[in-house]
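Structures incoming, each one as structure tokens.
Paired with chain B in one complex and with chain C in the other, chain A is shared by the two complexes that follow.
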Partner chain A sequence: MNDMTVVDNTVETQSTKIAAQNVNVYYGESHAIKDVNVEIEDKTVTAFIGPSGCGKSTFLRCLNRMNDTIDICRVTGDILLDGEDIYDKRVDPVQLRAQVGMVFQKPNPFPKSIYDNVAYGPRIHGLARNKAELDEIVEKSLRRGAIWDEVKDRLQSPGTGLSGGQQQRLCIARAVATEPEVLLMDEPCSALDPIATAQVEELIDELRENYSVVIVTHSMQQAARVSQKTAFFHLGNLVEFGPTGQIFTNPEDPRTESYITGRIG
Partner chain B sequence: MPTIWLVLVLIALSVAGFFLGRSRALASANGNPKNLHSLPSYYGHNVALSALVPALAILAAWLLLQPMLVDTRVSNMIPQEAVPEGTTLGLVMSDVRRVAEGLDIAVAQGAMTAEQARNLRTEFSDVRGLLGEVGVALGADVRPEVMRAAQAYRTMSNTGTTIMTIVVALVAVGGFAWSYGRTHKDFRARNVVEQGIMALLIIAASLAILTTVGIVLSMLFETRNFFTLHSWTDFFFGGTWAPNFRGDSELSILPLLWGTFYVSLIALLVAVPLGLFAAIYLSEYASAATRSFAKPLLEILAGIPTIVYGLFALLTVGPALVRFFGQGEDGILGVEWMTGATSVLTAGLVMGIMLIPFVSSLSDDIINAVPQAMRDGSLGLGATKSETVRQVVIPAALPGIVGAVLLAASRAIGETMIVVMGAGAIAKFSANPLEAMTTITTRIVSQLTGDTDFASPETLVAFALGLTLFVLTLGLNVLALYIVRKYREQYD
Partner chain C sequence: MTDLSQTPASGDTPMPKKQGQSLLELSDRTKRRNAAETRFKAYGIGAIAIGLLMLLVLVTTIFSKGIGAFQQTFVTLQVELLESKLDKTGNRDIDDIKKVTTFGYAPIIRGAVETKVNALGIDTPLKAKDMAGILSKDAAATLREYVVSHPDQIGETVEFRFLAQSRVDGYLKGRVSRDSIANDKNISAAQLDLVDALIEADVVEKTFNMAFILGSDASDARPEAAGMGVSMLGSLFMMLVVLALALPIGVAASIYLEEFAPQNWLTDIIEVNISNLAAVPSIVFGILGLAVFINYMHLPSSAPLVGGLVLTLMTLPTIIISTRASLKAVPPSIRDAALGVGASRMQSVFHHVLPLAAPGILTGTIIGLAQALGETAPLLLIGMVGFIASNAPDSIASGLLSPNSAMPAQIYEWAKRADPAFYERAWGGIIILLVFLITMNTLAVILRRRFERRW
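Up next is the complex of A and B:
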């Protein structure tokens, strides 16, 4: 497989799912994100790339207000989900996070059974009226997470007992179980070996059918393989945003070119 | 020569050794420290330590062993018939030591010469009067065999001390000479000092362990003595605690054990919810600023001496409970359930307050050890903070919290002052928390304080109680540590 080959992923005409306008993020005194404008489309995989500390994870965490859990973090500007400002006072961040799911860098299954891990979100949000419906949701989510066949016979064994790649797919299944509209992934493959990475990437591509997926990654090959749109961040600025093919073959900004050719970062 | 002078001489020798060793090492390297294997001060330390440490160790061991050996030999000198009716050999021996001490003082003050002290005979002079003049009061006239034993005691002690001084000095000088002789620029002084320091640390650690073993052994021996005087079936399975110093006591641990468990249970019912909720607030909800002053404030509770808690129980909580549950028509509830301020509830409540910081601080550490990734995962699925705490953080931290509770329980079982002052002194089985009851620890205090005979079962029972308590708390601690450790392995 030639990793750098950019497949011309078909991009259907899509509506904007998330629109960020003039977003600034401050951690105490330091200015982490500077005037970022970006439009994330529905049923598309958008990749955020850039060197460490460039703010791509910080920006990702703004999209479901996970930064609210950090006391010193302050966000200005507008982030619109389906045209509604998610930082509006009337928006409940807890409800928002059910709509905008998140998968983290390190697989973090709860110390519960595989079944309870997936059923966690549906139970909290009351998505199932009875045990049969819950069973159905769990099975559907595990199938979407491409892990059903591996765990269907041991749903009651602990989720922490799975391998790293299985744990990450379990976490993805857990995230899709709450029926989110957007799925945020913060370097989901950085703790995985190449085989597990390939499985997760395949899964991301399948998830595109139903969700808008935003993925932060350090691997440019991965961004090229899975995404249709790519955003390049550098020192808190959004340097360039466009179709993945264009970013990797014909970048407009010299900083983007330096980064993807390995001169900075 | 008094021992303190010997120690001072040893220290002086050691200090001199430091400087001499250092300069000898430098001299062997022609004054250039770069030619030495180690830094010059290591050579100095090596000589200083070899002069001081073995000599001090021998001195300490000698000072511990000599009195025991002398005692044994002198007590063999006292004939069986010289021990009067109604006393023991131990009492006669304490007379002997007192007379020997008196003779030492008399010689030191110049009231008699060393020669006189050795040859003094009770048959010819009034020893009691002589010693009285130098300030050593004796209860009765000195009997001839006691006098002879005391003189033998003095002779042996003096000889022993002289030999000790010589041996210690020889060891010190020998250590000094040996390591001074070894000091040369190629000698690996740094490595030797490192080993010496390790040996010192090992000695410190083993002293702590040996002390524990010693305490346990002494309790074991006294407990064995107790069980030769009192039946163990009554102790473990009897139903009544009624010590009676005329003999014929019923000494059963069960009523005391019940009191102990009841008070501890109430204490835990108070401490576990309050402590756990405080820990959850501090670690999950409180801002850094709140946490930085609330946590130390909560931990101040842990610094209050338990006697102060006891006062609080006796003077504040007890009367308040009486106002609530007692005093008949004048009381708040208008009932007459509680008569005195001391009760299981009083002691349990106050002990619970004492345990709050214990539970909260341990649980706080354990909750903080739950990886942030767990919380992020749950919050990222749209759970609220309390859902996250209830369904993810607490289950993940549960083994550790159970461990913390068990440690708190063993604290509660062993706690003394609060129950002495707050729980009362009546040993009985009762489920009513408003009644006074008593615990193992309070009974140990009451059996050993006061004018008691150390050979009667009523006194020795304290050791059996203490040993049982020790086994109980040790078991709880081991269980708690096992659970905490098992939990730690989960995330490392």
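Up next is the complex of A and C:
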């Protein structure tokens, strides 16, 4: 009995990394995210699922203020990263994005060499004092991206010459090169074939050791495979948020049940 | 015994009869559609053929009329530089030598021609003055220039290649005949006879004329001496001004509008106005330049600086539009990627977007420059036409500020003049201008091919 409690505790002691409180997002007149409250834990993979247009990507892009680049987008409410409001006037989104890295839907390596792709972030943030340190960061990041063995002999060849799955892992390596605390992934496998998807999913599971990972996905199977926590979005509302197992086996909300059983979405 | 391997006899199990029309014959509708497609292809081929024909006509006309300007008739003579005429004091004082005007050289040239004709034993009724009439009026100036720069040669006999006058040149090029000179006081049949005899003796010959490419314009009486060189320099200085101003201003404006400016009514108005500016007739820019740069700012008229400023105004919209188009063509995922790793907007633009857009920007700039190079109308209004006989400027500043012409303006100027020799030079000038334009456009294509990267 006591043993059980201890086990439960080790799962629950993960500290909250990002806390979103009453977040609303508007695109001009349309209300894209409605009053979302969610707590994203450290060293956990959190999956956002939901039908197309439900706002899960929009919400993800709020977490590193990528929505700032859209003129008509307006965000209200608080998003706290380690207790600090990232929408505070004093926060420079550039600094924030070094801490909250992002991987996009379509692999988007820079049309430069593999080395330069990974080294770009550390360079602009001044993370390396010299070439040797930069080399070290690049190697470490490529190892974390589980692509080092495949590219170590051709670091100077263009990143765009890799296969889709390799490109996406390169993008993950690029994102971790700036030593972020949170890694946001916007449908990272939607442009990949099943084998590359499996590799990236395996990688996501490894990344959990060091980062808090938030992944948006269309595939419920993927959410079930890689995440510990799942949030279900529908029409801009956060319908249900809880441990992945519970969401998929015993959802509380009828809308969640309809979605995971394939009746809506 | 099984029948499986055998194909059923056609009589036993008939194939189901096809409903409606067979696929093997065309329906009326399909026939009509195919006919329409064939007709359309024929129109297209016809249109291209007409275009090619026009191009062919244009190119052949330009070359057949203009190629003559690159050749010129020269008369080779041995001239004795008489000390008694050129340096009476005999002490080789350069100031004294300079006192002798081109009129003082005329008798020497006359003497040289006469000596040559007599030496060859050519029988001609002409007097020495008329014999020398087959030479250009430029000959005395050529001679004087030589003597002033080589005073030590006075007293010697030196071989010179003098320009023949334009009628003689025209005679060698088939433009002038004995019939056409009936009422021409510039040349007589006897002079043409002399020319024929001199051609026999290899004294008169038609050769390539570098002076047409490098020389300066010449007065109405000496079309054979006129060249494009000075106006080429004028165009060069203008292009320098355009490049130095239009490229940075245009690129900076486009980057700001495309990457940083908020989308609102003000930027919309700016955008519409830039597009409209590209369609404003160039003469409007010319009168604007006249009013602002010359009348108000008192910059020197006819100066390449002013011409360059006016052409900058004209080229800016072209550069801005092409730069914005190439910035737009960079996929947004590249910007996202840069922002995602924590680059600032400026870093994302300068590190990633701009290098990818560079080939497009370069192409647009070169096309804009080529357009400016061929522009004539605004130059007429700021006085960049007319007779500029000065030679190369001694510095960039004087090149920018001293009066000059430009290639298209020079062509216009020649086309206006009465002498058919100038008309030929106008066509020749067009060939030079076209060579520049084709070179620039080829460069644009090569640069685009070379730097184009895929993502």
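Structure notes:
What we mean here is this: the second predicted complex is superposed on the first by the 253 of 265 C-alpha atoms of A that agree within 3 Å, B and C clash if a C-alpha of one lies under 4 Å from a C-alpha of the other, contacts with A are read in each partner's own complex, and residues count from 1 in each chain.
Basically, a contact is a pair of C-beta atoms (placed from the backbone, for glycine too) under 8 Å apart; a residue touches a chain by one contact, two chains touch by 3 or more.
Computed from a predicted model, the values in this text were never measured in an experiment.
Because the two structures share chain A, they can be overlaid on it, and in that overlay chain B clashes with chain C. In the overlay built on the shared chain, the residue A:M102 is in contact with chain B and with chain C.
Once the two complexes are overlaid on the shared chain, A:A175 sits against chain B and chain C alike. When the two complexes are overlaid on their common chain A, residue A:V94 makes contact with chain B and with chain C alike. Contact with both chain B and chain C is seen for A:I124 once the two complexes are overlaid on the shared chain.
With chain A used to align the two structures, chain B clashes with chain C at 39-47, while the other stretches in 39-47, 93-101 or 147-155 stay clear.
Residues 64, 66, 69, 71, 94-98, 101-102, 104, 106, 108-111, 120-121, 124-125, 160, 171, 174-175, 178 of chain A contact both chain B in one complex and chain C in the other. Those residues of chain C lying in contact with chain A across their complex are 262-263, 331, 333-344, 347, 351-352, 356, 453-455. Per the touch definition, chain B reaches chain A in the complex via residues 287-288, 371, 373-384, 387, 391-392, 395-396, 490. Here chain A touches chain B in the complex through residues 64, 66, 69, 71, 94-99, 101-102, 104, 106, 108-112, 120-121, 124-125, 160, 171, 174-175, 178, going by the rule given at the top. Within the complex formed with chain C, the chain A residues making contact are 64, 66, 69, 71, 94-98, 101-104, 106, 108-111, 120-121, 124-125, 160, 171, 174-175, 177-178.
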